[in-house]
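Take a look at these structures.
Presented sequentially are two complexes of chain A, the first with chain B as partner and the second with chain C.
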Partner chain A sequence: MIIDVAIRGLLSGVSLATVALGLSLIFGMMRTINFAHGAFFMLGAFFYVELTNRGVAAPLVILGSALAAGVIAGIAYRLVLKGMGFLEQALLTIGLSAMLTEAVRNVWDNKPQPARVPDYLKGVVTFGDNVVSKYSLFAVGIGLTITIALWVAIDHTSLGMQIRAATENGITTRTLGVNTDRLLTFTYAIGAALAAVGGVLQAPLVQVDADMGSTILITSFIVVIVGGMGSILGAIIASLGLAQLNGFMAAYAPSYSAYSLYVVLIGFLLLRPGGLIGKWYLGEEDG
Partner chain B sequence: MAKNSLSSKQSSSLGRLYSPLILAGMALAIFALWTGDYTLLSNALAWGLAAMAFDVCMGHAGVFSFGHSAMMAAGAYTAGLMVVHVTPNLEVALVSAMAVGALIGGLMALVTVRRSHLRQALITMGIAELLRVFIVDMSWTGSANGFAARPDSLFAGASGRSAFIYTLIVVGIAAAFLIWLYATSFGRVMHGVRDDSTRMAHLGFQPSLFRSTAFVISGGFTALAGALTVYHTRVVDFGLTNVHVSTQLIIMTVLGGLGYSVYGALSGAIGYVLLEDLFIGRTSQWPLLIAAAYVIIVRARIGGIAPALTRRGHSVWNLVRRRVSTNSPENEKDSTPTERTIP
Partner chain C sequence: MLDVEGLEASYHARPVLREISFTVSAGECVAVVGTNGAGKSSLFRALLNLVDMDGAISLHGTPIAGQPTYRIGRQIGYVPQEREIFSTLSVEENIRIAGATSARARELLSKSSVLGDPKIWGRSASALSGGQQQALAILRSVARQPDVLLLDEPLEGLAPIAVDEVIELIAGLRVDSTMAILWAEHSIERLSELCERSLVIQGGELKYDGELNQLQNKERLGQLLGLETTGTTA
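On to the complex of A and B.
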């Protein structure tokens, strides 16, 4: 029982990490409060449905969706979000989210879409007594690869260092010859693309409809806050930990499980706003 | 802000203060008689009240709330439960809904007003989600289905028309109260806290006190709006707990004009509901167009329809912008990195 719950928690934790890392880039590092993140997740799931129905192979589906979502996000950032203050960005991403949701409602029918699993990913794998579907193993594999790749890229490469510098002190970074505008647009696009990949990987496991983004949006915010603003490693740890918490609560204390994430969110915001490994303290207002 | 100056307590200044409200109310009443669609208009008025109440927080006191769905839902559920279990009297239901809403507002204020906008948004969102989960969890709230409730008013009948007139009067009183509030010295200090809280603190006003009071008032009126929806629809709608309600209130208020007396929020919400009803049957792209219009209005810093029409758009939007950029060192971190200055 315990092992079964832990495996399920690990699976959902890895898929959550993909989406939450995107938000960790946009919200944690760039400090753009991105209420459109759930919409990009939803977009990814719809791309999955559309491309799979047209018989495109799974790796191409993932790449294509990420690219499409990234381009949309890049354009949106360039045209709408660039150079705006915090409050305006909050208001604007709410609007972007509404626009994307309504656009999806217009392009695809306003009803749940059937997401098919390709034949070669159907079936189950058994570990002793525990049964896991092949597709979720595939999703976890992709998710883990992306998660580790992103962590290495942000924390240990030159590009990652430029991104960290541009988000921490834009003017100095620009003075040193880095095109911060392009870099931030790129970062926002990567964050949105990660959300879309999360949506692609989750599509066959959940119900695909235009409203599917709002739950994952809130959960991703919880992950970024708990992990600590601006910390990729923190977000990974928080995703895995929160998924386990959720899984074990659902298994052993089902009547309280739905509350647990929100209690964790409010508790962290009030008592430990820096999160687990936060670099930035969120600070107090006067008063 | 609108020039609602109460410098002299003459009747002419009172007339200037309230005449737009009275005119708007009369226009709505005539429109209602003309179309005969009372349910739609009652709904528009209830959303107008909710947006006005939300604007007390966001536009007038400078507290960023992303959880006003909590108060709206709490108002509707309190009213419904009072009607079903205690007394069918509508007035009792409305007053108890306001009390519960003010209580939730006070609770949110307690944990948010001293904190940054970012944490305000997320904490209020978390509280609203907790309430939603609680309502789903409990069987006596009808879980995720809501329930039917038929309130009876002491003063009005059960027809759609009397419900509309009743709603119009209640919303009118609430709007008049808020207009009065913004014109009092309390309201002025509240605006001061929004524009430059550090300065107000140095002048001897405690910003958190004014923000908390604004949050309590906002919570009470938002809950009243939720309770009014129960009166004209006769059901307690579970949909009011959804986070989309908070988003919609933001969109309505910003479309109309954030912090533009009560008229910005009121016209934004009423216009939103009426236009949606008018166009949704003709074009399925309507919600997309509204969302696009909203993004353009925020991006171009027009500051909303109402202030743009009265050519005060830029002054209103500048107030909002100044609040963002000058509040505290913390908010400097919140702005985009490219805008940051070297300390």
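On to the complex of A and C.
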């Protein structure tokens, strides 16, 4: 039982990490409020349904969904969100979320969509007494690859270095010859693309409907805050930890399961507002 | 080389620079002197297109006024008043962010007496002392080998020994270089070690453009700055 819950928690945590890392880039590092993050997750799930129904291969579904969400997000950031304050960002991204949700309702007739698993990913794998679907392992593999790749990219590449600098102090980074407008638009687009990839990976495991983004949005914000604003590693650890907590609470204390993440969030805000790793940036000037 | 003609600037519609015109030649070191709020920092920010500005600015005869800051930043190095070291970057990354390769970053760091130890290059820049951070900010600003370097009060808040180190570093950067320096500072005492010429800015207007030596006369400087009590500290 314990191992089974732990395995499911791991699957859920990796999936959550993919989405939460996107928000960690946008909210944690760029300090841009993004209430449309759940909508990009939902959009990814609908892209999955549409593209797999048309026989598109899974890797292309992932790439296509990420690209589409990234382009929409990049345009929205460049034209509307760039340079706005927190309040304006909040209102504008709520509006963007509503627009995307309504667009999906119109295109897909406001009905939950069945997401089919590709034939080659059907079936199960057994680990002793535990059974895991092949698709879940596929989703974990993709999610882990993306998570590790993003961590390495942010912490160990020139592009990641520029993103870290631009999100810490945009003006100074600009005076050093870096085109921060282009860089931050790209970063925002990558964040939204990660949410869409999360939606793609989750589509066959959950009910795909226009409202599916709201829960993951709240959970992702909790992950970013608990992990530490601006810390990719913190977001990864928080995703895995909170998913395990949620899984074990659901298995052993289901009455309290719904509150467990909020209790952790409140605990961190009171006792360790900087999160597991990272700084509490909100009060500092945005360069 | 750097030609400024009729430069005006404002913050939130409040004028901070009026009709500033001057020319700086290659290799020249020009002290920019003025009291707090006189417009020294605003002049630098206007040159970098960081404030609303009007007027003509050209570098080597090519107009740069109104260009995006990141493009100007590739030709004009800037050390801001607060140093603005990136705490999320290592010491070496703080140089590489300005377009330097790892080899170039290490070459620059080796030039500094306070940053020359390779053991600290991989550490977070936030752990450095004030003098080390200032040296890092200066080295970062010259990573692209700019034509002009803007130094906004680099000696402010430093211990005397750190002041000596920073001056030594700047002097070293001038050797065999055609880079022009515009150096804003409160005190003109140490500026005379490196600069020959001075611009005095007061109330957003250029009050003096001439030899720095002439400002050693306290009464003359006091008059230019509109101070009743004269002194070498502006």
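The definition used in the following text is that the second predicted complex is superposed on the first by the 280 of 287 C-alpha atoms of A that agree within 3 Å, B and C clash if a C-alpha of one lies under 4 Å from a C-alpha of the other, contacts with A are read in each partner's own complex, and residues count from 1 in each chain.
Operating definition for what follows: contacts are C-beta pairs under 8 Å (C-beta built on N, C-alpha and C of every residue); 3 or more make two chains touch, one makes a residue touch a chain.
Model, not experiment: these values are computed from the prediction.
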Clash-or-fit label for the pair chain B, chain C on chain A: fit
Touched partner set for A:F127, first chain B, second chain C, both or neither: neither
First (chain B), second (chain C), both or neither touched by A:Y252: neither
Partner chain(s) touched by A:T180 [first = chain B, second = chain C, both, neither]: both
Which of chain B and chain C A:I171 touches, first, second, both or neither: both
Chain B or chain C, by number of chain A residues touched: B
Angular separation of chain B and chain C about chain A, which is computed from CA centres of the superposed model and rounded to the nearest 10 °: 90
First (chain B), second (chain C), both or neither touched by A:F221: first
Lowest C-alpha to C-alpha distance for chain C against chain B (Å): 6
Set intersection of chain A contacts, chain C complex versus chain B complex: 168-169, 171-172, 174, 180-181, 287
Chain C-touching residues of chain A, taken from the complex the two chains share: 158, 161-162, 164-165, 168-169, 171-181, 230, 287
Chain C residues within the chain A interface of the complex: 48, 50, 68-71, 73-74, 78, 80, 84, 86-89, 93, 96-99, 140-141, 143-144
Residues of chain A touching chain B in the complex: 30-33, 35, 80, 82-92, 94-99, 102-103, 105-106, 166-172, 174, 180-181, 184, 214, 218, 221, 225, 255, 258-259, 262-263, 265-266, 269-270, 273, 280, 282-287
Parts of chain B lying in touch with chain A, wherever the complex brings them together: 64, 111, 113-119, 121-123, 125-127, 129-130, 133-134, 136-137, 197-198, 201, 206-208, 211, 242-244, 247, 250-251, 254, 284-285, 287-288, 290-292, 294-295, 298-299, 320-321, 323-325, 327-331, 333-342
